[in-house]
Every structure is written in C-alpha cells, then in structure tokens.
Amino acid sequence: MLKRIAPELAVSQWFNTDNPLMLASLRGRVVFLHSFQMLCPGCVSLAIPQAQKIEQVFRNSDLQVIGLHTVFEHHAAMTPVALQAFLHEYRITHPVGVDQPGEGLLPVTMERFQFQGTPSAVIIGRDGSMLHHKFGAEDDMIVGARIASALSMPVPVVETAPQEPADGCADGFCAVPA
Amino acid sequence: MLKRIAPELAVSQWFNTDNPLMLASLRGRVVFLHSFQMLCPGCVSLAIPQAQKIEQVFRNSDLQVIGLHTVFEHHAAMTPVALQAFLHEYRITHPVGVDQPGEGLLPVTMERFQFQGTPSAVIIGRDGSMLHHKFGAEDDMIVGARIASALSMPVPVVETAPQEPADGCADGFCAVPA
Amino acid sequence: MLKRIAPELAVSQWFNTDNPLMLASLRGRVVFLHSFQMLCPGCVSLAIPQAQKIEQVFRNSDLQVIGLHTVFEHHAAMTPVALQAFLHEYRITHPVGVDQPGEGLLPVTMERFQFQGTPSAVIIGRDGSMLHHKFGAEDDMIVGARIASALSMPVPVVETAPQEPADGCADGFCAVPA
Amino acid sequence: MLKRIAPELAVSQWFNTDNPLMLASLRGRVVFLHSFQMLCPGCVSLAIPQAQKIEQVFRNSDLQVIGLHTVFEHHAAMTPVALQAFLHEYRITHPVGVDQPGEGLLPVTMERFQFQGTPSAVIIGRDGSMLHHKFGAEDDMIVGARIASALSMPVPVVETAPQEPADGCADGFCAVPA
C-alpha cells in the first residue's frame, strides 16, 4: 500500500489554542484528528469521550489530539457561538478547529480528507502519512493499540531538500561561491 | 404530606404536537414531565434517552410524556432553531415545549416548578398532584416503578363545581328558568 | 386470560434463611422468584444483579425475592458446596433454594413452573397467581413497572375453605353439633 | 528500572491446549498472562471478557494469551471439573492452566509472580521480561496500548552464552578436544 500524506487543515476559527495548528508543523509527532458535529449523537456519546480519553491516556507521549468541527448540515444550529458553549459544557480542552465552509455542502478539510460523515478519525504518523482512517466509532482497545503502534515508530530523519544557494547563505549554512 | 398540585406550563413554542398542551387538560392521566437543555451533558446521555424509553415502555398506557426546554444559560446557542435540529438528530418524537423566557435568569415554568437545574423530572398523578420531583438522573427500575404506581391509582371522579346558571345554559346544559 | 396459580416450590436445601419458604405461606404478598445456575453467564451478568437491585429498590415494600438454583447441566460442578461459595463471593443475601433433583434432566420446581432455561423469573401476585413469566433477561424499567403494578393490587380477602367440622371446632370457630 | 525476567509457570493441568506451555519456549513472543478464579466476580465480569477481547483484537499478531486458574480460597468449589464446565459455559478458548497447589494458601505460580489477588495480569516482553504487572481491572485503551507497545519491540537476538567446553560437548555441539 502506498503511503498517503495527510492533506493540510483549513480552519476558519480555533478554540482551546492560542496558535493555529498546522499538520506540517506537527511533522515528527503522531496526530489523532477527530471530525465531529456538536449535534451528531454518535459523536457526543462515543467519539468525543473517546478523544478525551485518548488525550488523557497518552498525556505523557508526544501525541497531539485535534478536534475538527465539520458542519455539513443544520448550519444555523451549529454556529461557532454554539460550538463554544458546547466545548465549555462538555469540558473539551484539546484544540478544536472550525472546518472552513466550502463551496458545496461539505467544508474544505472534510472534503480534502474525504471523510464520509461524522464521527470520523484519522491517525497521522510521525512522517505525516495517514496510518488509519475510520468513519464511525471504534473500539477503545483497538484505538489504543493503533496509537501506541504509531507512537513506537521512529521519528523520521527529515531530509532537507538541498537548496542551491545562488551565492550566499541558506538555512544557516553558507556555501562557498563557485 | 400535603399534596401539591402541579403548576401550569408556560410555553412559547411547541414541537412535535399540533396542539399546545395544558396540564389542566391532562387531568385524569399521568404525566411524565422532563426538563432539559440541549447542551446539558447529563440530559443528553441519561435523561432524554430515559424519557424516550419511558415513552416506549408505557406506550399502551395513558401516560403522557412531555419535554420542556428550560434554557437558563448559553441562550445564544440554545435557540429554538437549534432545538429543532437537536430534536431531529436525536429522534425525539414526544411533545417538547420551549419554556417561556422569564424576567430573570430562569424561564417561567422552571421557576414555577422550582426546578434546581437540568435534567429534572416530575411525575404528575391523575389528580394533578406532583407525586415525585427529581433533580438529576434516576435509576430506570425506580422510575419504572414510580410511573407504574402512579398509573395504578384510580382516575379521580372530577367533581364539577356546581355552577348556578342564572337563567340559561352552561356546560352544554340548559336549566329551566325558575 | 385465565389466572394460573403458581405451583409450590420443591427445595432440597436453603441458603440465607433459617426457615424454609413456601409460596403458600407467602400468599398476600408479592413474590419475585428467579431461577438461575451459578455457571450460566446471563444469570451472573444480568439476572442476579437485577434480582439484587430489585431487593434493594423494593426494600420498603412487602415484596419477597427468592432465588432458585435450578441445575440442569454440569451437576458435578454446581454442587451445593460450590453454590455456597458463589453466594458468598457475589454477596447474595436473599433466600436461595436448591431446586430438588428430579427423575429426569430437570429439577422438580423447574419442571413444575415449566421454565425453559436460565435465567427465568416469575412474578407471583398477592393472590398466588403467576402475573408474569419470563425466560431471559428483562429490562430494568419494565421489571420495576411490573413489580410496582403487582404491589399496587389489593391484598385478597382469603376465603377460608369451608371445612365441615365433624362435631366441634375448627379455625377458631365452633359449629353447633347437629 | 532493572528488568525482571518472568518466573516459569507451574501448572498441574492444562485446558484448551494439547501441549503444556512454558514461558521459556515462548521467548521471542509477547505473552499476556492473566490470573483468575472462576468464582471471583471481577474476573468474570471484567478481566476474562477483556482477555477474550485481547485474543480477538491481536489475533493477527504473535501475542500469546494464557489464563491461569490461581485458586487460593473455596478450594472445594473451584475444582478442575468445575473449571472445565466454566470454560465451556463462558466460551473460553485460549489455553488455561491450573496453577499448581502450593504448600501454603497460595498456589505455586501465583507465589512466584507475587500476584496480590485475582484478577491479575502480566505482560511479558519478547525478551522474557515483565513489562507490566497489574492487580485489578485495567482500562481497555490502556491495555491495548501496552500490548501494542510490547509487540512493537524488536525480537531479541538471543546471545548464546559462550560456553567453553573443556573437552567435550555442550548444547548439542561437540568441541574438538585441544
């Protein structure tokens, strides 16, 4: 199976973080990205509590848990203001981004990841590849095992693309002019 | 213990019913009235599923299940539009009324019933009295027993207040003028 | 539906009671009789905890909870000695009788009640009739409702069978000799 | 922390396997060893179902699940005959050994592993070391993560201890006498 690199997030508003998150900046770490809607029953009863548990169980690892509010129905009900109240009431403290509205029904990131609905979750490896992609609820033991496997993989040695400095310095190195 | 007659509902908007409900009109039947907020975690995970189960278990009795959306926080998030989407997503089919906003923090019916928060539930007997009043989740077996006990009580013989028709008709009856 | 009077128990050994129990002596009270085997998974995970909860929920009523160990397989494993250890470990404190071994596969009481397997449960009304008969697990809310309904039924006025006293007294009454 | 090599099993009777299992022979694989008693409520409701789930979730790995019946009370009730019926009724299909009775209260293997009671579980790594030791129930997500971590560890290259055969044979090899 060919590795597929996870596409980047497109987020219009962040909660629970001062700085916007980019998957590109998280390269080297494992990311658990879960997509939800605040009025999706399976998200509320299963997927969100599981994401909170994952955050707790792996708190001593370098796993990053990210929530993504991918609204594709009832837009008038699931506004950012409503989401903020929801995050407060459900004690959700990990970073949550509002998926950027798209031109069609689906928001942009949801479209990029080809999520089939909510809840969905993706485990992204240290090398940025999508290790696992799941629509619907998944068993705790299986999720725990998948994340631990991802965490056990070696941090990739990032090969810096060799940049030809015309006649000077780049990346802190200076080339001798030809 | 003195019986306390349940106060009347004050509802600004009804869902899942063509005709507004009045407790006064339900005299003779048992009513299970549950108060909730759509962003209250205990309501969503416990009280609302229980109300739906009650509706199902006692479907062959004359029990009336009524939901009451008693918003006392996050008003901008829990609007009637959001409630409508919520009722749709959670497959709630019994009548739900939006508790009429009050002058203070609490909506009118919530104030009248002196609910301490959400979820709360009241079992109203055939004679209109409050048989049981509970803040928080209650065990299924206990709720089932309470409702069955209430249903087993005799339908009260309603004593019509003797109205002296001066010289005419009342209640569909016409008295012979003296 | 014709009422069917519950047959009598046939018990070879009792636990958790100094005096053997007879359904005939419990006439006037409601009885929850549950049949189990200590190595029956559904009994251990569902039916027995439910019986213990019933005992607790209705502790202020005159309900009598009775367990019946109806062994119809693995006789060498489910001996009275093993049952005693089981009752101790599972903190079962209501009276439990060992169903008397029968001539065939099934023990005597199980045969009389025509239980189809374990767990089974019967609710016996104040008049001794079988109000409800169930093979398998039943929902807590439904069981709670059934028992509360049974408890709400009036205590029957026991009509003493007219006994012809030869020439003397019976039951505290004395007949005038013919 | 110093690694502690798991002690060997002492088993008087095996179920669900034709050949007795030895931890020494399982070196190179990960082992999930769970200790239980058939009349221990926490074992029956939590630990045994979890062991069965582990067996299922990791069926495509080289994990070996082993049950150990460590009877330290109610010996007359928890005999091998009773255990056999129990394994049948609870559909337990992984190898289960009867811990060899000891001189004192505790059976031999339980004593060697210093289990504090039942249920207990140990995860043994590919190199034979005890990676995790737990008395009581553990969360599914955590257990899944621990086992996946253990499975991700490299199979140790067994370094044969260089034995100087004076003038003869050792380990199946014979040295040419000097």
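Letters A, B, C and D mark the chains in the order given here, with residues in each chain numbered from 1 onward.
Basically, contacts are C-beta pairs under 8 Å (C-beta built on N, C-alpha and C of every residue); 3 or more make two chains touch, one makes a residue touch a chain.
These numbers come from a predicted model, not from an experiment.
Novice: Between chain A and chain D, how many steps is the shortest route if every step has to go to a touching chain?
Specialist: The fewest steps needed to get from chain A to chain D is 1.
Novice: Please work out the Cα centroid separation of chain B and chain C, and write it as a whole number of Å.
Specialist: 38
Novice: Give, as an integer number of Å, the spacing between the C-alpha centres of chain D and chain B.
Specialist: 58
Novice: What whole-Å value do you get for the distance between chain C and chain D if each is reduced to the mean of its CA atoms?
Specialist: So the centroids are 44 Å from each other.
Novice: Give me the residue numbers in chain B that touch at least two other chains, ranges are fine.
Specialist: none
Novice: What graph shape do the protein chains here make by touch: line, ring, star, complete or other?
Specialist: Its topology is that of a ring.
Novice: What pairs of chains are touching here?
Specialist: A-B, A-D, B-C, C-D
Novice: For chain B, which residues are in contact with chain C within the complex?
Specialist: 53-54, 57-58, 139-149, 151-153
Novice: Which residues of chain B touch chain A in their complex?
Specialist: That would be residues 39-41, 44-45, 73-74, 76-79, 81-82, 84-86, 88-90 of chain B.
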